[in-house]
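Notes follow once the structure below has been shown.
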Amino acid sequence: MTVPELDSEQVAVYQRPDALSDTNTHYCPGCTHGVAHRLIAEVVDEMGLRERMIGVASVGCSVFAYNYFDFDFVQSPHGRAPAMATGIKRVLPDRIVLTYQGDGDLASIGMAEVVHAAARGENITCIFINNTNYGMTGGQMAPTTLPGQKTTSSPNGRDVEVNGYPIRTAELLSKLDGASYVVRRSLHDPKNIRLAKKAIRTAFEVQKRGLGFSMVELLSICPTNWGMTPRQAIQWLEEKMIPFYALGDYKVNPSVADIKI
Amino acid sequence: MTVPELDSEQVAVYQRPDALSDTNTHYCPGCTHGVAHRLIAEVVDEMGLRERMIGVASVGCSVFAYNYFDFDFVQSPHGRAPAMATGIKRVLPDRIVLTYQGDGDLASIGMAEVVHAAARGENITCIFINNTNYGMTGGQMAPTTLPGQKTTSSPNGRDVEVNGYPIRTAELLSKLDGASYVVRRSLHDPKNIRLAKKAIRTAFEVQKRGLGFSMVELLSICPTNWGMTPRQAIQWLEEKMIPFYALGDYKVNPSVADIKI
Amino acid sequence: MPPKGRIEVNEDLCKGCELCVMNCPQEVIALNMERMTKRGYHPAELAKPGCTGCGICATMCPEAAITVYREVIQKPA
Amino acid sequence: MPPKGRIEVNEDLCKGCELCVMNCPQEVIALNMERMTKRGYHPAELAKPGCTGCGICATMCPEAAITVYREVIQKPA
Amino acid sequence: MAKEMMKGNEAVAEAAIRAGVQAYFGYPITPQTELLEWMSRRMPEEGRAFVQAESELAAINMVYGAACTGRRVMSSSSSPGVSLMLEGISYMAGTEVPAVIVDVMRGGPGLGNIQPSQSDYNQIVHGGGHGDYHPIVLAPCSVQESIDLTVLAFDLAEKYRSIVIILSDGSIGQMMEPAELPPMMPLKTSFPEWAVDGAAGRERRFLSSIYMDAPAEEVANMRLLNRWAKIRENEIRYKEYYLDDAEYAIVGFGSAGRVALSAVRQAREMGIKVGLLRPISLNPFPVDAIEALGKRVKGILVVEMNTGQMLDDVLLATRGKVPVEFYGRTGGVIPFPDEVVSAVQRLAAGPIVTTGHPRDRWMKFMSFLN
Amino acid sequence: MAKEMMKGNEAVAEAAIRAGVQAYFGYPITPQTELLEWMSRRMPEEGRAFVQAESELAAINMVYGAACTGRRVMSSSSSPGVSLMLEGISYMAGTEVPAVIVDVMRGGPGLGNIQPSQSDYNQIVHGGGHGDYHPIVLAPCSVQESIDLTVLAFDLAEKYRSIVIILSDGSIGQMMEPAELPPMMPLKTSFPEWAVDGAAGRERRFLSSIYMDAPAEEVANMRLLNRWAKIRENEIRYKEYYLDDAEYAIVGFGSAGRVALSAVRQAREMGIKVGLLRPISLNPFPVDAIEALGKRVKGILVVEMNTGQMLDDVLLATRGKVPVEFYGRTGGVIPFPDEVVSAVQRLAAGPIVTTGHPRDRWMKFMSFLN
Amino acid sequence: MQTEILIAGFGGQGVLFGGQLMAYAGMEYGKQVTWIPSYGPEMRGGTANCTVIISDEEIGSPLVRHPRVLMAFNLPSLDKYESAVAEGGLLVVNSSMVERSVDRKNVRSILIPANEIAENLGDKRLTNMVMLGAMLANQPVLPLEAVEKALEHHIPERHKRLLPMNIKALRKGAEFKPVAVK
Amino acid sequence: MQTEILIAGFGGQGVLFGGQLMAYAGMEYGKQVTWIPSYGPEMRGGTANCTVIISDEEIGSPLVRHPRVLMAFNLPSLDKYESAVAEGGLLVVNSSMVERSVDRKNVRSILIPANEIAENLGDKRLTNMVMLGAMLANQPVLPLEAVEKALEHHIPERHKRLLPMNIKALRKGAEFKPVAVK
């Protein structure tokens, strides 16, 4: 059916952000990697940072992130994005440097690099996509896979006694003095998406003011590897992930408090 | 002068533990690596574990630890002892597997391996020697170097803004579900040494009962690289390290509570 | 009376995931099951009147495929 | 009256670090500045009477070089 | 046993299980992941150890630890993951503990792509970790051979206290072919006298790669080298096809060897007497066989899926005694047989050039193509 | 500038500073640590970036990040640490970003020891990370040459968008010699048009090593190879000593080259007409010079502090046209000149053997020794 | 004798299983076989294709530039591979998804509305069987019965009850003949 | 002309600085020089030794099997290196720490109680200068003045006030002569 045009004066209240390039993504339908991308782009636009941004893509489904943003980007070896970001930030301290990492990338192979970037109070921002599995390689167990969750490498469900316990990354990093802003948000509904955006904005403000390390963990869906429709996946995130990965602020440096956004 | 022999019946109330081999150590005079070694050996003797022990030496001043214990040992690449220990423990689950690591080894290059061993609840014990520097290579800054502390790679004193903040490892690992027993003790006086021994004993009991990952962090002196006499070093540890690295129990799995030793 | 709105879906980008559909408070979006985009997806579209231009669909869209328009309400001076 | 004790220092192992010396509650240990061990250290030794066999020196010794003896106190039956 | 259709990666995994592997440690990476996934299901079924490690670095050190106990151990990965294992591999070599590692090669350098490639030949055969050591390297070209070499790998690893690397690639790993698995072998019950597994009723043992005293390290280096000489004597493997009457020969391993086989048949249909020597053990390399081959043919064509890495080993073996040409495709491109046929035709047509390097001549040819 | 007495490691560090290095990332390891320590003091003094990374893995990726901005960047390590850098090095090669890495070699494999060695030749020159790429490798033999090659390294790295590795060893790193530092160069103010440093006033840029499409990766591989051909044309460096009238020649690099120089002098005193060719660029290797040398002498002796790694490159260059012998000490042992003199005497005395491999003949000789 | 079959389409059209079935059948029929998929980073639908080789002798290259048979399940596959088919080879086109006709003159081609036939048979997922049937009837590679037997052995357990339908689909496809070359 | 000097003793005896001083002096005197320490994993005292080469032409190997000069600061050093000294070379032995005499007949040797001399001069840390003085007076490698000048340039700032004492120690050492060979 056709919906008639509005006849009164109208204005675009939402448009695709400039900081996204005009490229089609390779993400699966419904994958909230796309939402995270959009939020970053919106914040970059709002803060006018496009010309100062340098992104570090990691290895995972977001490996091609460098294609999707209209600002400078590099692509890191698996897990090493915080180290690359450190290298960039140290020579260009006035740029806003961002890593974009999955949970396999950041919390598994890249654990040492992110812990040390946080401990150093490295003035960078990590956007951390927690989708409880290795999306890119076909859905293996990640450090974030929930107890009992079936993946292609925990075919009988994650048995914590044998496969270990999931890691709550935001909680972990919050223990480090160099970390200024460490929070967890979710991408499963409009309200939480708005909160996620606010957190990304705060993280960039933290970096802009030189307050040190910031990380925004984002609970995200992977319908393909979860074997669900996007709808089901959203529901699963809400029902299974959030109880385990409590949303909230895990570390907020006092001087972050007066960032008003 | 000569002190006369006791004339009444006498008994040896303290003897060199059997689980130490008869080798001279290469440690500097006063280095408390030696104390930590002795405590481990005493516990092994008391628990009768000599024939079940497998130690994993790391890279640092304790690289030759395999020479000093009278039980089986392997020697790991720098930082990877928890991974080697995992490999051993998984094929020989009834052995008591121990890593012995310095702060450069465990908290710097080996951060990912120890975090993941803890997260997996790997049923091994890490003895972690925190002496605020890289002893073996001549006293460079470690993740544990105190703010302001001079080392050969922080010649003007550790500037936390540039060199980052020290990592409190016990606190960090205590955030992981797989960690059963994570405590910090010190080796600077007899009372604390006794507490340290008790902690090592508890950690081995935890492992024996299959309760998962245990780590005992031991504050230790490095007179040579601190440029002090052993006496001065002991005082420095007490006055500078303990206020920063609070002694205590950071994670004690409830089922550890009923281990009576 | 709620404001009147309208959305435009960029069909080059839409992948028919329905995240907009399931979140539209007015339930006015649906996939068009009769058409396929170049990439082989059924695109989302405004299926009935009643859009308020609230922007929630755009907030959900992983592909940033939605532009939202809203009528300008002249406030009494 | 405190029990009587005695220590023996294995001079092959002792490195003269003085951790025993500084911690002996009876202050009866000292380094022998007149002798050197094979490895070139001044060894610790019991320097005066008064050792109680408390074992504190051994608790401190990084080289496990000290053996501690204590007299057996016969308890009244 | 009957043949089953199996994916190369899965066949390797199951073959390892049949060969009595007691612990597997790995990390996902395309195009190797099916191997890990197979292990994640089957190893617990058999009551054996499977750990998905936090990284390849951790995986290789888990392997190292488990190998020190004298048990059969294995890991697998693909190119970038193998780069992360090299420190650990060098340690294992220095400690003289056996282990089997599978590298399912993909296009590089860097992240590259996930298509089949042979561009880690130098890394695996010549370079790799620091220090003087030589891993045994076996290159299968089919699912069946993947199975057979996996079983052999465990035996050789133990026999020589050596690392054995199965150098496969994405196409062999992903392909399905009928193949026969070996019967299930019983697990080992006795362990070597160097194994560190708890000093019950014996003197303590330790294993390390440290020789602080340089002359002692030299002795260790020479021990490794002498063992390597034994391996060179006993463990060279290769396969010859149509070489009896050949005037020209192709040398190619793994997938490139298969492509070459098709090319040989096509070329023979066209009347060119060409054969194939397919090295199976890349290390030790069939130096003598290739030297001998060089003496009996008019020219050799080396075919690889890289820019000519094994080529240098062929040149070392032939020592300028026979014209050598090179044809390679790189970056994940698999050559089609007809390309190789053309290269054979060029070789057979002459004029035969013997100056300069075959790689340079090939580069010139490729630049015409692109 | 006047000469100063400097330690090799410190001289390299200060030379890099004079050459305008803008960021240094490293991790302590003997016998390289003085380099890092020097940087920890001097870089902040100059207002430049110094980070003691948490590991070599982190260090190389910090280098990678900083290199992507087009600034001059550097790291340094020793053998096991370099093994941990290989994934990163392969990525940098694939991304075509310049960087300078210093490897102060020690005995291996594994933890080995901290004595001077040359046993990473294969790792650095041939193998290393996964994939098809070629780092430029420069081998100094003295403190002065360490300085000169460090400055050169930055220029070559930028010119060819290449990784340049300074392959030093513990003895050169720890030794003090008088040497002249270059004057302080002003920092770069303009940056290459590929540099990723914020899209101010220009289109965005990105840098990656990914070519998902195999043919595109092949194009990238060929671009690297063609650039390598240019490097081979322009950047071969070596030094000749006493070769004019030589009947025999030694080939040796770095520390072994110095030892060989002493041996040459001693042998000449004994009336043996021997000279020395000391490769300075190990990659590209002076193939033509050595081939030519092979044609004019009666025999070549290769001297290395390993089990004969460069030896194969010499054999490739000489192609059986001249007898080649090998003398090596390994595991951190530095040969004394008189050992090399003896090897020269054996070579000169004949009978000259041309069958078998020089390494095998050397092994036999060593086994008599031990 | 060696026959190479390239099967190409969208993910979800049963392309990979169709190829595997041919490989199973070939194996059980005593032939040498290889099956090799193209694989990419996409977890996400997109394209899928595989090559099956069935031969009397040890198989060399698992990929060939000019396969004897192309089964094109959709338009992009036809566009991409039409020119590759060996001279005199066979092209089986799923005309339900492909609106154009075949350009090549020197190959035989079958245009078969496989989707519709499958849907008529009651299940869209039978498309691949229909296509296979058409191919088998027109290319002397394996008897139809060999494939039917293989199907019996290798149809996933949960689809066992669909076996008769699958066989029907195979046979239905087998009724198709190449179009006359104009 | 090339002279190789091996200096060996305990850590803390000034062995490494003594060698460096020779190298500085050689450099300032217009010679080619190298100084190379032995280095080990021990942060912890133990032994220390270094080799200095002073030459008229480009120096090859920084280590030699048979150094012209050995300065042995303690017994283990003498035990280890005595046999290495080149025929006709010079052996300077710190007799304060070495109770035995020299076995070699075909070298010249100086036995000098360097510790005591140093202590008599007022500072045990002058031992190395005493040893150097003895060597310089008996081996034509560099004039004593060259070393004195180098000392002036390179003595650490915090020890500047000890310069005259150091020079005294050098000169005191220079009074010693080789023992007659029995």
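Assorted remarks:
Letters are used for the chains, namely A, B, C, D, E, F, G and H, taken in the order the chains are written, and counting of residues starts over at 1 for each.
The rule is simple: a contact is a pair of C-beta atoms (placed from the backbone, for glycine too) under 8 Å apart; a residue touches a chain by one contact, two chains touch by 3 or more.
A quick note: this is a predicted structure, and the numbers were derived from the prediction, not measured.
With steps allowed only between chains in touch, the distance from subunit B over to subunit F comes to 1.
Listed here as common contacts of subunit B and subunit E: A, F. When each chain is reduced to the average of its Cα atoms, D sits farthest from subunit E.
Ranked by separation of Cα centres from subunit A, the top chain is H. Mean C-alpha position of subunit A lies 25 Å from that of subunit C.
Centre-to-centre separation between subunit A and subunit B, using Cα means, comes to 36 Å. The geometric centre of subunit D is 55 Å away from that of subunit F, both derived from CA atoms. One finds 42 Å separating the Cα centroids of subunit A and subunit G. Multi-chain contact residues of subunit E (touching two or more other chains): 30, 54-55, 57, 80, 87, 91, 95, 110-111, 114, 208-210, 212. Each of residues 27-28, 63, 75, 77, 108-109, 111-112, 116, 120, 136, 138, 143, 163 in subunit A touches at least two other chains.
Counting partners per residue, subunit G has 40-41, 45 as the residues that reach two or more other chains.
Interface residues of subunit B, counted against subunit E in their complex, comprise 21, 50-54, 56-57, 63-64, 66-67, 69-77, 80, 83-88, 90-92, 95, 112-113, 116, 120. Contact residues on subunit F toward subunit E in their complex (touch as defined above): 57, 79-80, 82-84, 86-87, 90-95, 105, 107-115, 117, 119-120, 122-133, 208-222, 225-226, 229, 306-307, 309, 312, 315-316, 319-321, 329-333, 360, 363, 366-367, 370.
Interface of subunit F with subunit B (complex): residues 27-30, 33, 36-37, 40-41, 44, 52, 54-57, 80, 110-111. Residues 59, 63, 75, 77-79, 104, 108-109, 111, 134, 136-138, 140-141, 143, 152-156, 162-163 of subunit B are the ones that touch subunit F when the two sit in their complex. Of all residues in subunit B, only 1, 3-6, 8-17, 20, 24-25, 27-35, 37-38, 41, 189-190, 193-194, 229-231, 234 touch subunit D in the complex they form.
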